[in-house]
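In structure tokens below, several structures.
You will see chain A twice below: alongside chain B first, and alongside chain C after that.
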Partner chain A sequence: MSTFSRMHGLVKKEILQVVRDPSALLIAFLLPVVLLVINGFGVSLDARHMRVAVYVEAPAEQTREIMQALDASPYLSVVRIFSTTDGERLIGTGDVRGMLVLREDFSQRLARPARWPAQAQLIANGTDPNTARILEGYVGGALQTWLGNFAIEHRTPPEGGVALEHRYWFNQELQSADFIVPGVIAFVMSMTGTLLTALIVAREWERGTMEAMLASPAGMAEIIAAKLGCYFVLGMLSMGISVLMAVTVFAVPFRGSLLALGAAGALFLVFALALGLFISTLARNQFVAAQVAFIVTMMPAMMLSGMIFDIASMPRWLQIGTFLVPARYLVSILQTLFLAGTVWRLILPNLAGLAVAALLAIGATLAVTRRRLD
Partner chain B sequence: MAELAALAGLRYAFPGVRGAPPQTALDGITATILAGEFTGVVGPDGAGKTTLLRLLAGLLRPGGGTVTVLGHDMATDAAAAHGDIGYMPQRFGLYEDLTVAENLSLFADLHGLAADVRVARVKRLLDFTGMAPFTARLAGKLSGGMKQKLGLACALLARPRLLLLDEPSVGVDPASRRELWGIVAAMLKEGAAEGMGVVWATAYLDEAERCGHVLLLHQGKLLAAGPPAAFLAPLDGRVFRLTVPEASRRAAARQAAANPAIADAAIEGDTLRLVLRAGAALPAPAALGGSALAKVAPRFEDGFVDRLATAPAPLPAEEAKRPDGDGKPMIEVRDLVRRFGDFTAVDHVSFAVARGEIFGLLGPNGAGKSTTFRMLCGLLAPSGGTAQVAGQNLLRAPAEARARIGYMAQRFSLYGELTVRENLAFFARIYGLSRKARADAIASALERFDLTAVAGDVSGDLPLGIKQRLALAAALLHGPDILFLDEPTSGVDPLTRRAFWARIGRLAEAGVTVLVTSHFMDEAEYCDQLAIISAGKMIATGTPAALRARVRTAALPEPTLEDAFIALVAASTQAVAA
Partner chain C sequence: MWQRIFALILKELTALWKDPKTRAVLLVPPLVQVGLFAYAATYDVSHAPLGIWNEDAAAPATELVRRFAGSPAFAVAASIDNPAEATAALDAKQVAAVVHVPQTFSADLLAGRGATVQLLLDARRSNTALLLDGYASAIVLQYAQDAAPRTPAPLVLLTRDWFNPTLDPQWFILPGLVAVLSLVISMLVSSLSLARERELGTFEQMLVTPLRPLEILIGKALPAMLVGVIEANVVVVAALLWFGLPFVGSLWLLEAALLVFMLAGVGVGLAISAFARTQQQAILGVFVYASPAIVLSGFASPVENMPAAMDWLSRIDPVRYMLVLARGCFLQQMPLAVAWQQIWPMGLIGVVLLGIATWAVRRAVV
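Right after this comes the complex of A and B.
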């Protein structure tokens, strides 16, 4: 009876506080939207409409066709230049990503490929090697396409005989939003979940209300349960908003089961909320709690979860380290659910990882929160 | 009377931060707390009052000895006692986002009160505390006094056997302070049949006199325990009032304090309050610098000082003479107004302070003192009127004008991680003293303020009294002729307060103009002129003696400044209502 009465009082208090205090609502609802918008739109790995300068020393029928073929690619837009110096300048100012140079003898060589292979030179801005490589691929691809057509028109077999064909699985359109947004949802949840409880419990210490609670008959487990319960609901709503935004605003397809999504989100939230409680119990100060929450959630969730950087291409020791970052399990589950579907073989081990993380976080929190001030 | 709690050889030490040795907060306290009476836990800030109450509430684990509450050992079995303990922490423990009614409802839930009991008790407490009209107001929007009353109501809701109140009266206005005491006294009377008892922690020594039993703490040690009368008995016939010429009261206080027969000489308006050492013969009034001696009833503070002051305190050295003024007021405030939205924090306040005068702005928290202060310092633009210091508006004045001012903030604004010498060096630099002047000023400050022995100590770990000396030394490094003090001695022990004001007296005699803000009546006695501020308005101004005289009646022949404050505020509220 009295446990019920106490829980009733504690839960009602949490709800009233959440409703009255804009900071909790801002963290739960505005922060996810802002983070998704920034990361979803801002961190784009797409290379669309990359500007490439083309210098043709001796314009001819074939070079005009090449220009058209390049321009027809959705990934490239051609900037016509009339000297290589112009090209150098444009690369220097960053107006174009690279410069394609077709020499005077290009058309002549093309007519007799067996003796002198026709050469096209691509100069790319190497400051961003990733983009440079992508540019190389797209320009090469456009040239291949053109060469294929050329061969058909001229009834000669294309050089080398086999045209390279690209195909990308799961992210057919190479849209980085599809790949990144599920990761961002995991990032958003680790931030909001931890920050929610870290700040709010630290504030109770700061304002002395925790002291009053501890001197009352309410048990520590009851205080923690009431807090976790309320912020769990808030966190799940926050995840719902993020998923909805992913599907509507970023048009990321969702191919998996909602049940699996709910289970993964719930386990991860319990972990994040308990971690927040753990931090604020040790810090007891909103400023320090916020700082620690940022460092322990944001950095690993961003760097080591596979959200942006592929875990498979990390050094081996770091790959092992990522197993300590629960966000990686969630990222993996979310990417599977969004891009591939409900592949239980991939999802279950990650769910188990999340469950272990949640249990450890709750255990750690119960271990440090004694019913005492010292 | 039944025993509610027992402390036996109780010790507690805070763990040292960053390798520092642990700081002893309580050192071997043995005492009992009985039902049916107020037990006052009395002592200056840092004496260990809060630690003692937290140990009683089972929130800290004793470092040694035992705490037993209602038969439960609080180190192991605190949960069993929590249902019978009402605890009000110093910071109220209220949820500011919740309304008055919701806060009460939360505490009723926590204690598992049945619906009918809850309704009846909440109604009774609301009526009793006068909070009934404010049930829908957020706790964060209540005044200091009302927050205290709500905190008290929450702590009383479960009808605790042991009510623990940690400095419930700090920072609230004197009228609310008395009301709060009245509420608790009435509740105690009601609950006495059920064996209720109250522990009231306070730094106000006058509250100690009203307790049934007092535990006097000083630097973690139990200095004395017993009923107040037992403290005062040895002082009978040893406390006198000496009439002194108004102009030379500070000199007379020094003269009296230097007399070996006198244990304590404190300025009280235009008189000195003297405590004669036990067994000493009473000197002639003239030998003490006054004209007439009259015996008065001893007070708790006299007893405290008598116990602590075993040797005469060294007198502060004379201060360097400041430049003469031109006869105009050094600080002048005319029709000063400051609004925040539709709230008027300072409402047409006017006063002037002459050179070498100690002027006090007296009022409870939230009365508008700090706002006035900030406008004088040029940190806040007035909404109307003028605030001038040495003929200048500090909001626009050049740095040289600011350099004439020394400022000591309430929490001393020292860098806790720096040593005493490093703090002084820092303040000397920011005031732009030359290399030579800096070295001289620091050396002289260390010597004059008795800080040489602690020069290499990290200032954050120092006792309150030394921090206060350091803060004053830092504020005076550049030899200012105007000094602003913000509640300089609230919460320090009476001896430290006396030593502090003796220094300030010397400064005033050397021509330094001093402006003090305080909610602490004891600080007001040392002022030459006072302005009483309440709810943004200036209600009365005059010397402490004149203010007391204004409320003297046959029923109250010897009003204290607090009596004067309450009466003058009440009269002005009536005048507004009429």
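Right after this comes the complex of A and C.
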């Protein structure tokens, strides 16, 4: 039999297997949609209407104005309280994120310029540090607004100080979906890619059909090529769906080139699929394969790829470790292609990283499968 | 009856422990994940690469630049001379922000006209951009006050953070991991044990033993709950001993909550496996359930930021309640009434799901 007809038979076998077994189609098509919807809508770092309790011990004209400024902030939802004990209770139960306390002394000092500055006290629930920090920013911002109005009304000498003018590039409105969704696509691809082969091939090993195939005249490389080829097509389709959803459902702009997107996606998929084969060959058991796939792909793809957490803020040893996580290269490329454009200076090195990862994974798989036979 | 159940539990635990690979995946992942999560999961920003674009050679500008360079939030990564260089550095992620001091800065400042500094931020990472903007504002504000001491501002805001005074991100993520890791492991163990028996045909064998469907389920549920509670406690011990978290609340409350939580986790696992015909379908079910359950629980981003529909959906997510309990027990004295509000929904979810699983197994018998 020629190589060609053997390949033809193998590919046909894989296609039939995919079409007849719903789980491959579920992984390739349903999983991306579920993951994108849940992560795209669910992971939101944009806080709106953050609940904050406000206690004013001695109401005065200025504190009323301050209350108005707090009420006017779109980011805050103010709860009036009439004792600090109430506030402590509300913080304890999680009903409010923090409490702003304006003591009698505050109102008195604020009324007399000679006794400035008056101290406003914010008590934040630090259980969620990011939210606590953002709350401080919002309350501070509302107070700044009041200060600005106050300065204008009272004709205090103009602040001869320094103004900071900021420009948010690539994402002017700081929509966290624009930043999260491209990362989620990378996450989806590492999951579908690895799970597709890890689970399906682990089952072949578990049931002994893999040995049966190896005993056939088909060579090891041919079997692997046929498997990778089929799942590769599925994986690319699943990436297409994800990108389409990002642009339509989540309205994330796409400013880069489709060619670069295709190249990055293809290289990454080859890596993920080969890694899945590698895992399943070593594990030969679906439970172990699923767990290992979870640890070596899902976890790093979420934690160490820069999808949610900033790599630059991690400890140095972990930053170096992230270079071993191919999802890192893909996330970088995707975030750039979606929001910035085709910046080849950034994309090429990352593509190179992906290519190296893909080659290593294929090599490891070939080596391990060959040894398995001895 | 209990003797039979006990025998089944023993059999399940032996099956889990005797295979070295299975043993390894039960033990290693939690430790790896604790390590990774605890060090990687921070929204805070430090040493963000900063580009300096200073067009003003006078002393005030140099002083401002020096303050940016000295701040722990930034690390100077590039010196920039023109707009094209700024664009290139931001595009290629060489820097996360560029601070631009215009030529007239010092002159404007000394003349009391009010000077302007420009900050260009890479907002591909929106949260990072927001935080860096905050840090930069603080630096500039402090600089302005020092440069021109005048009458003090009418008010200042002093912030105190309760429960986590230094806003240490590990104090946030580790209690969350207690919930997430135990959920994943208990779901996997419970769903796979039933699905494997089905796939291998030993399920039918078990049905012809004197064991009744409910007994089979109890025998499958208890070992998985046990494994889950042990894993959770491994994380608790690591958090306390290695990462030095405080434990302010009641350990008994945490353990009780974990038991109820595991009831819900195992309920999900068994309900999935009751409908899955193969292990593969069971694993897929676990993945399809676990990822939304983790995302919607508030593990990584607060529930209150989510759209209303997601918020409602998260009410049937046991992880949401367990997160409140775990964080509450570690960091604060949680009032029992508040704890109870979290415990009963988890219990309800567990009982309903176990009911569904029992019904499905019984249907298989008839």
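The working rule: the second predicted complex is superposed on the first by the 340 of 374 C-alpha atoms of A that agree within 3 Å, B and C clash if a C-alpha of one lies under 4 Å from a C-alpha of the other, contacts with A are read in each partner's own complex, and residues count from 1 in each chain.
Convention: contacts are C-beta pairs under 8 Å (C-beta built on N, C-alpha and C of every residue); 3 or more make two chains touch, one makes a residue touch a chain.
Here the structure is a predicted model, which is why all the values come from computation and not from measurement.
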Touch count on chain A, higher of chain B and chain C: C
Field: Which superposed partner A:28 touches (first chain B, second chain C, both, neither)
entry: neither
- request: Determine, under the contact definition given at the top, whether A:270 touches first (chain B), second (chain C), both, or neither.
  value: neither
Task: Could you tell me if A:70 is touching chain B, chain C, both of them or neither one (first, second, both, neither)?
output: neither
Message: Quick check on the complex: what are the chain C residues that touch chain A?
response: 19, 21-22, 24-25, 28-29, 32-33, 36-37, 39-49, 64, 88, 90-93, 96, 109, 112-131, 133-134, 136-137, 140-141, 143-145, 147-148, 150-165, 167-169, 171-172, 184, 188, 192, 196, 278-281, 283-284, 286-288, 291-292, 295-296, 300-302, 304-307, 309-310, 324, 327, 331-335, 338
Field: Residues on chain B engaged by chain A in the complex (per definition of touch)
entry: 54, 57-61, 78-79, 82-83, 85, 87-98, 102, 105-113, 138, 154, 164
Message: Going by the contact rule set out above, which residues of chain A touch chain C in the complex?
response: 23, 26-27, 30-31, 34-35, 38-39, 41-51, 91-94, 106, 110, 113, 116-134, 136-137, 139-140, 143, 147, 150, 156-172, 174-176, 178-179, 191, 195, 199-200, 203, 283, 285-288, 290-292, 294-295, 299-300, 303-304, 306, 308-310, 312-315, 318, 332, 335-336, 339-341, 343, 345-346
Field: Residues of chain A touching chain B in the complex
entry: 1-2, 5-6, 8-10, 12-13, 16-17, 20-21, 207-209, 211-219, 371-374
